[in-house]
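As structure tokens, here come the structures.
Here come two complexes built around chain A, the first alongside chain B, the second alongside chain C.
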Partner chain A sequence: MKIVAVFINLVFFLLLAPFLEGVMRKITARVQSRQGPPLYQPYLDLLKLLRKENLVSAENWAFRLAPLLAFASMLAAVAILPLHGQENILSHEADLMTLIYLLTLSGFSVLIGALSSGNPFGSVGASREMMTIIMLEPVLAMTIILGAVRNGTMSLPGALQGVASTESFSYFLMLAVYLLALQAFVSRQPFDIPEAEVEILEGPYIEYSGPNYALFRYTLNIKRTFYAWLLAGGFLSFLRPANLFLDLLLQTALIILLFGLISVVGATHPRFRIDQAIKYYALLIVLSLLAVGLGVSGL
Partner chain B sequence: MAPVWIFWLSLLLLVVSSLLSLIFKKNDRLTRWSGTGLVSLSSLLLIWLAVQVLWRLHHPLEFEINFCALKIPVLIDGLSSLFLMLLAVLTLSSTVFSAGFNQEVRPVSNWKFYLVFPWFIAGLVGLLTVDDLGPGFTVAWQIMAWSSYLLVRWGRPAKLSSRPALVYLLFMQAAWLMVVGAPFLVKGYKFGEPLMEIGQKLAEGRQLPSLLFFALLLLGFGLKTGVFPLGQLWIPKTYSTANPSVSALLAGILEKTGVFGLVRVFFFLSNGTSANFSPAGWGKVLLIAGTLTLFIGTVQAIKQSEYLKLLAYSSIGQVGYIIFALGGSLLAASSGTAAGQSLALVIFVGAVYHSLNHGIFKSLLFLTGGNLLYSTGTRDLNRLGGLLAVMPATGLLVALASYSIAGMPGSSGFVSKWLMISGNFLAGRDNLLMVVSGIIALFTAAFTLACYVKFFGLAFTSAGANWKLNRKVREVPAPMLGAGIFLALVCLSQAFLPMAYVRLIGLSMSRSQGFMLADAGQSYLSGSLFNLKIFAGQQLLAAVSPLIILVLIVALIILARAFRQSAGTVEVPVPTWLCGYQDLNRDNVYADRNMFSDLRKFFWWTGGNSHRVVDDEAVETGQVKTEVGS
Partner chain C sequence: MNKKEFLAGLLKDKLGSDFLGQEVSSDHRLFVDIEKEALLPAVKLILEQGGRYQVGISYDDRKNHQSFALIHTLAFDRDGLLVALRAFAPGNNPEFDSITPVVPGAGWSEREYHDLLGLNFKGHPNPKRLVLSDDWPEGIYPLRQDVPHDLMPPSAEEVAFRLEQAPPGTSVIPFGPFHSSLHEPAHFSVYVDGEDIKGCEYRGFMTHRGIEKLGQTELTYNDVPFVAERICGICGSVHSTNYAQAVEAAAGLKIPQRAEFIRVVILELERLHSHLLWLGVAGHLIGFDTVFMQAWRIREKIMWLAESLTGNRKTYGLIIIGGVRRNITKEKAEDIRRVLQEVEKETLTLEKAIIKDKTIHKRTRGVGYLSKEDAIKWNLVGPVARARGLDIDVRRDHPYAAYDELKFDVPVAETGDVWGTLVVRLKEIYEAIKIIRQCLDKLAILPENEPLALELEGPIPAGKQGLSVVEAPRGEAVHYVLTGEENRPERWRVRAPTYPNLQAVPDMLLNNKLADFPIIVGSIDPCISCTDRVMVVELRERRVRIVARQELEKISRKMRLGR
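This part shows the complex of A and B:
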């Protein structure tokens, strides 16, 4: 069962992630009075990309490795999650620090891919992406660490359970910070600064096409799903039904709900500049530090 | 052979190698060969000595040197042995590296380098083995200070190096004054007493003098280690001025002798002076100093365009982690509970582990920085780019070292940071200071990552070197690569055999007398050879397993690769796409000065903002007329 749990994690995220992009595109289209593509369109897009030529603009191993590493480390991150609140076979090998660093590793691979393409647009995107990672990672880290400090354990099931302790004021503050940061976590407007299609042409992904780009797209979708999952698996994990199937259904529903919110906000807000965003992230860091402070003092 | 004789023999070899360079002065090749050979032999002997003390002797090696009227107590215990091993490994790689590097790049004639270099090593050996704060310490310190002064002075043309070298020497002398002066505050202190006796007298004395005593030692050793704001005064300029093989030792081990001093003072000397030493108070001081150091040092590193300076600032940041953990350990120990004591030991092991790790990967980074300097002749990241194609081996070494220092999963830096930070969170769950500093330490790792993405990304990937450099770049010769590969292997072992190193640190502590946490009770730390776990009873508190994570990632990479190939598409090489207006050329590549510009602006208040990079050739061609200030 403990091994199966890892596969359930992988399958859950692999299957759900493209669908959520479909949800996002549909809602965005509706907000903009368009019809929008069918919900399964992202699956078709992935298949289409896989069959395209793989264009390579840089003759080095870093360029080829980057999409693989980005995808693999993101999957590794979701593999160690306690999806059903229970330990899996990897829970005794990895704790929340591994999770945080795996997420960083995935972002880092995108950067290296962008830089190794040699394209200045890619480098601009990489620079912005790195600044975003620097300013946002603390918010994610503090969300989970608050739980870890409450429960006195760094192991993921314990820490995520700690995230959901609703009797304290710090819970609500951290939840608010998490929701305020969500749009940036999933890099949608107004925080899609690293990609910024009309400005720097998808930034880090500019030189990638075909199967390599499919991997990056998939990685981005899984990343978004993970951050949305954190609401269901972290903050609201006290709602969790005992039955695995019902639990996954509930989590999926919550994630879809959150994606609806993300899409509406994304479709109605213009993009920030990076310097404005940095200030916003700094505010979030201060607020989450405050939440951790309150949590440590038992409030 | 008796361990004492090994000790003397290794020192003798160093002296002989220094003298030989005077004799072989005229013959460049002979100087290099004899210097490299004898210094390497001496470092092998030092490793043997450490092995003897750790596994054979079962007790510290103590003896006294009587020289004229001077009595110098020498103590080689587990802690010394551990740092001697690090010194020996780094010396070995640095000398081999120099053999290649000095062949081509030489601001100073070779015999001068090999005249002084062995003394530098001897001074470091002395610092790690003498057991007083008087004559022995003075002799070792002065040998170390003057020899490294000369090495820094000779690292670059005089116009660029004379001031940094002088500043370095002055700060070393200031640190020496503070360390040697401190024990005079202790009532009844006789110049040249062993540390243990100073400790006993401290316990009998009054509170204020002992407070000042510890403060002076913290300042003295802190200056050497690079605690904020003291480190910023000399480290960046010194490390970027010296020959990279010397910088590798400066950052790898000279800095760590400061850590060694701090450990000796705050975890050994302080033991037994209970009334006059407050672990909680000093723990807080170290924790705050360390957190400031690690944050500011790393943020300053991001701003540097000169890669040797980037490495220098980043070593301030990394040492900050060690100080932070030493403070956290003292604080956890001061809680008085059994759990607190056990976790204090976990954090302490993390600090020592990080010292070893940082010694290795920072040396590797400086050596590979030397490779870059050797091949490209520039220190400016703005002028590099795309070197992976021409220097693949160096690129791979830099990638490994960068990956490790950024503490990514499955690296040595990850294990030691995990020990320090997890321990800190677990021990300080109701201590706001510990939690907040732990969080700062955790996310400073992202800044470290940014530094090294910049270093690796802009030097090796990206593009630009083929337009901006006026020479053909080649991979470096074998000795230089060999030294790097050797360090890389050690670095990998530190990543994937964490338990072996934890046991080694445990063993060295059990071979040292007077360790404060010696009776910390049953250790929380357990695990097999390949992983580490923190248990409280049956409950798993934290776990790290670099090998399993690596296997997981590799398996998933294979899956991703199968996915990528699933439709059987082919790779098609294409030129870089710049919206169809033009091709990539020297006018539109991304330069280092643009990287993270908004973040640099946001953190301007942390200092270290200078951008100007001056290459040696600019001095030779007369572009730099006056001495370059900050």
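This part shows the complex of A and C:
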């Protein structure tokens, strides 16, 4: 079972992630008085990209490695997540630091790819992405660390269980911070600053096409799913039904609901400038530190 | 004594023997001939009196006077007067004093005539190539009369436009020649320090089509409106109307009243769809695609309406010299009213959403700021000028067609930034609706079987000057026509509103964030095809050969890697 859990994790995220993009596109389209593409469109997009020729515009290994590294580390990150609150076979090798590390590595790979492409728009995108990572990773880290502090364990199942301990004030503060940060975690408007199509032409991804680009897209989809999952499987895990199947169903429903929210917020906001966003992120960091402080002092 | 007589007297007084004469014209136009040495002092004099520089016009007059003519036009918006100062320079040594040090907005006009007619401007601060493409050979001046319109000279070798060096401590981000925030080819080489814009250089005029040259050599008077309409894909009938008005002014024609009102209806419909288009694009440029989709959905109704009125969504083909080609019947008028009501209602909903959105305020307030003084310095026009507190609108100040019989407000904002242009354009949507409704009321009273166009009696006399202005959605468009032989204009000059506005963009960009580049450039609603209109048809002979895909990829990769 412990091995199967890893595969269930992988299949869950790999299958669900593109569908959620479909949901997002559909809802955005409805807000904009459009028909919108069918919900399965992102699967077709990925398949199409994967079948294309891999054009490599920069002759260095970093450019080729970056999409693989991003995708692999994101897969590794979701593989180690506890299933149904239980440990899996990787849990002994991987604690919450590993999770944070893998997520950062995935974001970092995007930077490597952008910078190795030598494209000026890529560089601007990379510098924006870097600022976003620096400002947003602490919020995620604090969320999980708060759980670890409450439960006194570095293991992932323990820490995530701690995230969901609703009896303290810090739970509600952290939940609020997380919800405020969610739009930025999934880099949708008003926080899609590193990609900003009209300014820097998708920034970090500008030189990528075909399968390489498909990997980046897939990584982004899984990343978004993960951040929504953390609410369903972390903050709200006290709702967890006893049956594994029902648990997955509930999580899916919650995640789809969150994506609906994300889409509506995204469709009704213009993009921030990076300097405006950073002020917002700084506030989030301070609040999340406050929540951890409260958690440490038992509130 | 009116302003025209006063200015004529003043010029005569101050210039003395340099004042050569004054053409007989209407009360709203003053055409003066002066010695070329007097051009700079005369421009200064007019500026001191409160004139607003419009454009430079130049033409090859070696056939008649062995000389090149240069005209500077200036507007007095409070007095409804346009002044044109013309001077001649000998054909073998065409040199004028540059007025750019006094009027920075004249910089492009002078560079243009250096390129196209080979005129030299003494004291021009930046005499770089402007209009011609980089590989156009030196010494061939396409607007000169001895150069045929379809000349295809061999391209010059080893040429590239030399962009300025980026200032130390900055790096260059190339916005263009193709970029998704610019919907037409143009190249802004933007110098950035981190995310701060420290300067930029513009290289444009990449889509020149030789339209003016065509009008002067190949087309006849009544062909030109249909070509003029194709100068721009958005404000086409601004150009056809403007051209027709210039010819009518030169020939002294008065068009039927019904045609005047129909022209206004079409111009205002064009403004409506153009402003809604801009609103959508502006939303898109700050990453707000919902505004884009909704604004364009509303706009679509106007496009359908235009199709039912004229047969086309755009490029209506409605204007001819002496009038219009199609009527607006009672049934059509009802259609227009119905669409206007829907558009008004839905725009109000959209406006509420925009005004309430805090993020839009954050992204547009204080962005692309230019003071009123700078706006005057650069001779800005249209909503871009009105957003900076300049209360100018050609429709009110220099009324044409039927605008003198209509009541409307000219919205002005004082913020001097992108937000101001947004507010001005939003308000103008309602003003345009108001104007169209008044026109429909008038059309209902006028006899429906009145002729829509004049029957021209005899040829249009040669050598007459006509100067016309039209308030395009983007601002004042100027057309100048010098009538000629063979049933076609001797000289036809088009100045689109983007021409002056674009010259001020580098100043607007300074010290803003890179992320604001798209919306700042977008805030002037740049119409590159209007601005680039003048070029010579340039079909360089190319070897025709089929390039296989692999080969093409190989070439492009080699170029990228510098091998």
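Simple rule for what comes next: the second predicted complex is superposed on the first by the 299 of 299 C-alpha atoms of A that agree within 3 Å, B and C clash if a C-alpha of one lies under 4 Å from a C-alpha of the other, contacts with A are read in each partner's own complex, and residues count from 1 in each chain.
Please note the rule applied: a contact is a pair of C-beta atoms (placed from the backbone, for glycine too) under 8 Å apart; a residue touches a chain by one contact, two chains touch by 3 or more.
Keep in mind it's a predicted model, so treat the numbers as computed, not measured.
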{"item": "A:L68 touches, of chain B and chain C: first, second, both or neither?", "value": "first"}
{"item": "Which superposed partner A:Q86 touches (first chain B, second chain C, both, neither)", "value": "neither"}
{"item": "Which of chain B and chain C A:T166 touches, first, second, both or neither", "value": "neither"}
{"item": "Contact breadth on chain A, by residue count: chain C or chain B", "value": "B"}
{"item": "Touching partner for A:P120 - first (chain B), second (chain C), both, neither", "value": "both"}
{"item": "A:Q189 touches, of chain B and chain C: first, second, both or neither?", "value": "second"}
{"item": "Chain B versus chain C as contact partner of A:E59, first or second or both or neither", "value": "both"}
{"item": "Chain B versus chain C as contact partner of A:I206, first or second or both or neither", "value": "first"}
{"item": "Touching partner for A:R34 - first (chain B), second (chain C), both, neither", "value": "second"}
{"item": "First, second, both or neither for A:R271, with chain B first and chain C second", "value": "second"}
{"item": "Chain B and chain C footprints on chain A, overlapping residues", "value": "55, 57, 59, 120-121, 124, 127, 201, 274-275"}
{"item": "Chain A to chain B touching residues, read off their complex", "value": "47, 50-63, 67-69, 71-73, 75-76, 79, 90-95, 97-98, 100-102, 104-105, 108, 111-112, 115-121, 123-124, 126-127, 130-131, 133-135, 137-138, 141-142, 145, 148-150, 152-155, 201, 206-207, 210-212, 214-215, 274-275, 278-279, 282, 289, 292-293, 296-298"}
{"item": "Chain B - residues contacting chain A, complex", "value": "385-386, 388-389, 399, 406-409, 414, 417-418, 421-422, 425-426, 429-432, 435-436, 438-439, 442-443, 445-447, 449-450, 453, 456-458, 460-463, 531, 533-534, 539-545, 548-549, 552-554, 556-557, 559-561, 563-567, 569-579, 584, 588-590, 594-599, 601-602"}
{"item": "Residue numbers on chain A that touch chain C, as the complex places them", "value": "28, 31-34, 55, 57, 59, 120-121, 124, 127, 189-190, 192-193, 196-201, 267-276"}
{"item": "Complex contact set, residues of chain C against chain A", "value": "171-174, 179-181, 192, 194-195, 283-294, 297, 357, 359-360, 362-363, 513-518, 553, 557, 560-561"}
